[in-house]
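Here the chain labels run A, B, C and D in written order, and each chain numbers its own residues starting at 1.
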Amino acid sequence: MYNFFGYFISVYVIVFGLIILWFIIQFRSENRFLLKKYDNDKGMN
Amino acid sequence: MLSVQNISKAFNRKKILKNISFSQKEGESIVFMGRNGAGKSTLFRIIARLMTYDNGSIIFQGKNLLKVKPIHSSKLFYLGHSPGMYHPFSAIENLNFLLSLRKIYKDQSEILDVLDQFGLMESANEPIGVYSEGMLQRLKIVCAQLMDWDMILIDEPFSNLDKDGLDLVQKHISFWRSQNKTISMILHNKNHAENFCDRILTLESGIIK
Amino acid sequence: MFLVLLKKELFIELRSKELILSMVVFGIAIVLAFSFSSNLSRAVVINYASGMFWITILFVSALGVHRSFAYEKEYDAFSMLVTAPIDRGLIFLAKWVSGFIYLTLMEILIIFPFFKFLMIDYPSNILIAISTTLFINLGIMAVANLVSGIAMRSNLSEILLPILFFPLVSPIIIAATKISTSVMLNDSYVLWEIWVLIVGSIIIISGLAGYVLFDYLVEE
Amino acid sequence: MTNYFQKKNNQWSILVIIILSIINILNIVYNTPMVPDQHWAQKIFYVHVPSAWIGFLSYFIVMISGFMYLTSRDNKWDNIGLAASEIGTFFMALVLITGPIWATPIWGQPWVWEPRLVTTLILFLIYIGYFMIRAYGGYIERMKRNAAALGIVAFINVPIIFLSVQFWSPEIQSHPQVEMAEQPSEILSPFIFSLIVFTMLYTVMIRYRVYVINLNNGMNEDV
């Protein structure tokens, strides 16, 4: 009954894993920019 | 003749030209001065439609150059730093090609005697790859002399010219001015600029003073 | 006006003959490489012949189109061309047709060694073979000029051109190999008629795209 | 310049997407029929085809934004083009990874010259060139114009690439679900649902990416 289950699981893990990874990368790069911007603004005034 | 309204241009997000605006009447000649990197050549290349610009508008002879087909800027001629010709071609072939590009048909004798005036006669048939910088500069002025234009943009007309080359070019420029043609040039030394133009505009880090 | 530009393109080549020589030498080198590597039986070589031929043409056209744009960069000749009061699409058309002429010239010089080295006999009806090859040349050159228009002004154009050119030209290469094999085995037209339509649609689409986009690509 | 997810409606959208995706996965696992000889491998189809659909959709958006940028010179369009091309290439990579995994159980060998897969591969290669142009295209304003032009050229070639590859390999037994219409309804409805969920996910991703790009550009501008 459960043959090819391995393929099924691996595909779903890859697809949804990478999508979550993508969100994490965006979140971190967003924070990096906000941090840098905060230093700029702080340095400015 | 030409009115430029708040042109601005940025390279790699660094603003080179910040809202440049000026206008030029028929027959008036203007010299642009400013230190290197102030954006003078960029402004000329933008007016000549060689380079795009971020915003603003350029009205030449009543037509907005951005909106209209290139055919309408046929009376505007631009001479840049580099000769803008093909190195395998000889001087005559280059001139013939550029003349036929603008649908001007001059017979060979007229081209030859203008070349003769500039002392380029003996090397007229050699490919311009072997020309020296000074000869290329003279060739550019020959090209300007042969074309029919109402307005010309010259980028440093007097660069790397020898003594009599300088007199020749100055003679021609004053000849053009007497013919009531509008000229705008980029120059670096003051006294040259004085006796060649009605107005001097200095470009300082993207703004006209 | 288009003829003036075309005359310039052809004269510039007559003057320096750089383009044709480098294309022919490069083509012959590839054919030699094929002939050395293919000491197989003639039967195998027959159905690979069209693939080998079109690979040679592919590399040579990439080299050729890069050379023809290199002329414009010397002495910034392109600036005088761009500031002239002509429609910029014409520059693309002139480049396209002159590239097509050079590629055909190069093929004429390559055909003889190609068939001799690989010991293949000529296709029976020469006329169809020639007309299809010319038709495919037109398609390859359309894509080549469009891509070099995009990659020409960037400072890494030598590397960018092949990277952009080969994926975009892959449908033509599939069509070309199919047409050439069926011409060699002289199948009936209806069998490979679809491929001629595909190459035709590529020519129309790349030509139009080039003509329209060149206005934006050419400005500095 | 707050965080993208501090705004109220963005939080709602990401929550809705997470819930819908979970429902989607449960729906696929539980109430889709077990095709006799393919068993679980057939269920990869519910993820593989939507991501291919999103890849082509985002390349279409790249073409539209390229065209708009060339005509209106407005930076907003270029940001959308960049975001769409990145996400499109991300999903195309997903398709190229899951394709062979799916092909091994069904056809026995990983890479099969199936028209859709080959079109995806060619487009993926073109977009590698696209990102090369974005990296080495000279100064930023000109690079954006070249990239927009390439975006347009890439998408108008999609039908040609697909057609030429389609006729090239007719003898290969075609994609199992190529005739979308005749699929039994209990396969079709979860597929449509998964397609909708993926498209909504895509809109959230592209809005988020555009926000980050603006942040990045905004940050450079002040420098």
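Following the convention adopted for this analysis, contacts are C-beta pairs under 8 Å (C-beta built on N, C-alpha and C of every residue); 3 or more make two chains touch, one makes a residue touch a chain.
Computed from a predicted structure; not experimentally measured.
Set side by side, the interfaces B-D and A-D show unequal numbers of C-beta pairs in contact, with more at A-D.
As a whole-number value, the distance joining the C-alpha centres of chain A and chain C reads 44 Å. In terms of their C-alpha centroids, the spacing between chain B and chain D amounts to 49 Å. Put simply, the C-alpha centre of chain A and that of chain D have 17 angstrom between them.
Between chain A and chain B, the centres computed from C-alpha atoms are 53 Å apart. The residues of chain D that reach two or more other chains are 145, listed in rising order. Shown for chain B are the residues that touch two or more other chains, namely 52. Counting partner chains per residue, chain C has residues 219-220 touching two or more of them. Per the contact rule defined earlier, chains pair up in contact as A-D, B-C, B-D, C-D. Across the interface of their complex, chain B is touched by residues 73, 139-141, 145, 217, 220-221 of chain D.
Residues of chain B that touch chain D in their complex: 10-13, 52, 54-55. Listing the residues of chain D that touch chain A in their complex gives 1, 3-5, 21, 25, 38-41, 43-44, 47-48, 51, 90, 94, 97-98, 101-102, 104-105, 201, 205, 208-209, 211-212, 215-216, 218-219, 222-223.
Interface of chain A with chain D (complex): residues 1-5, 7-8, 10-12, 14-16, 18-19, 22-23, 26-27, 29-31, 33-34, 36-37, 40. Chain C makes touch with chain B in their complex at residues 1, 4, 8, 11-12, 15-16, 71, 74-77, 79-88, 219-220.
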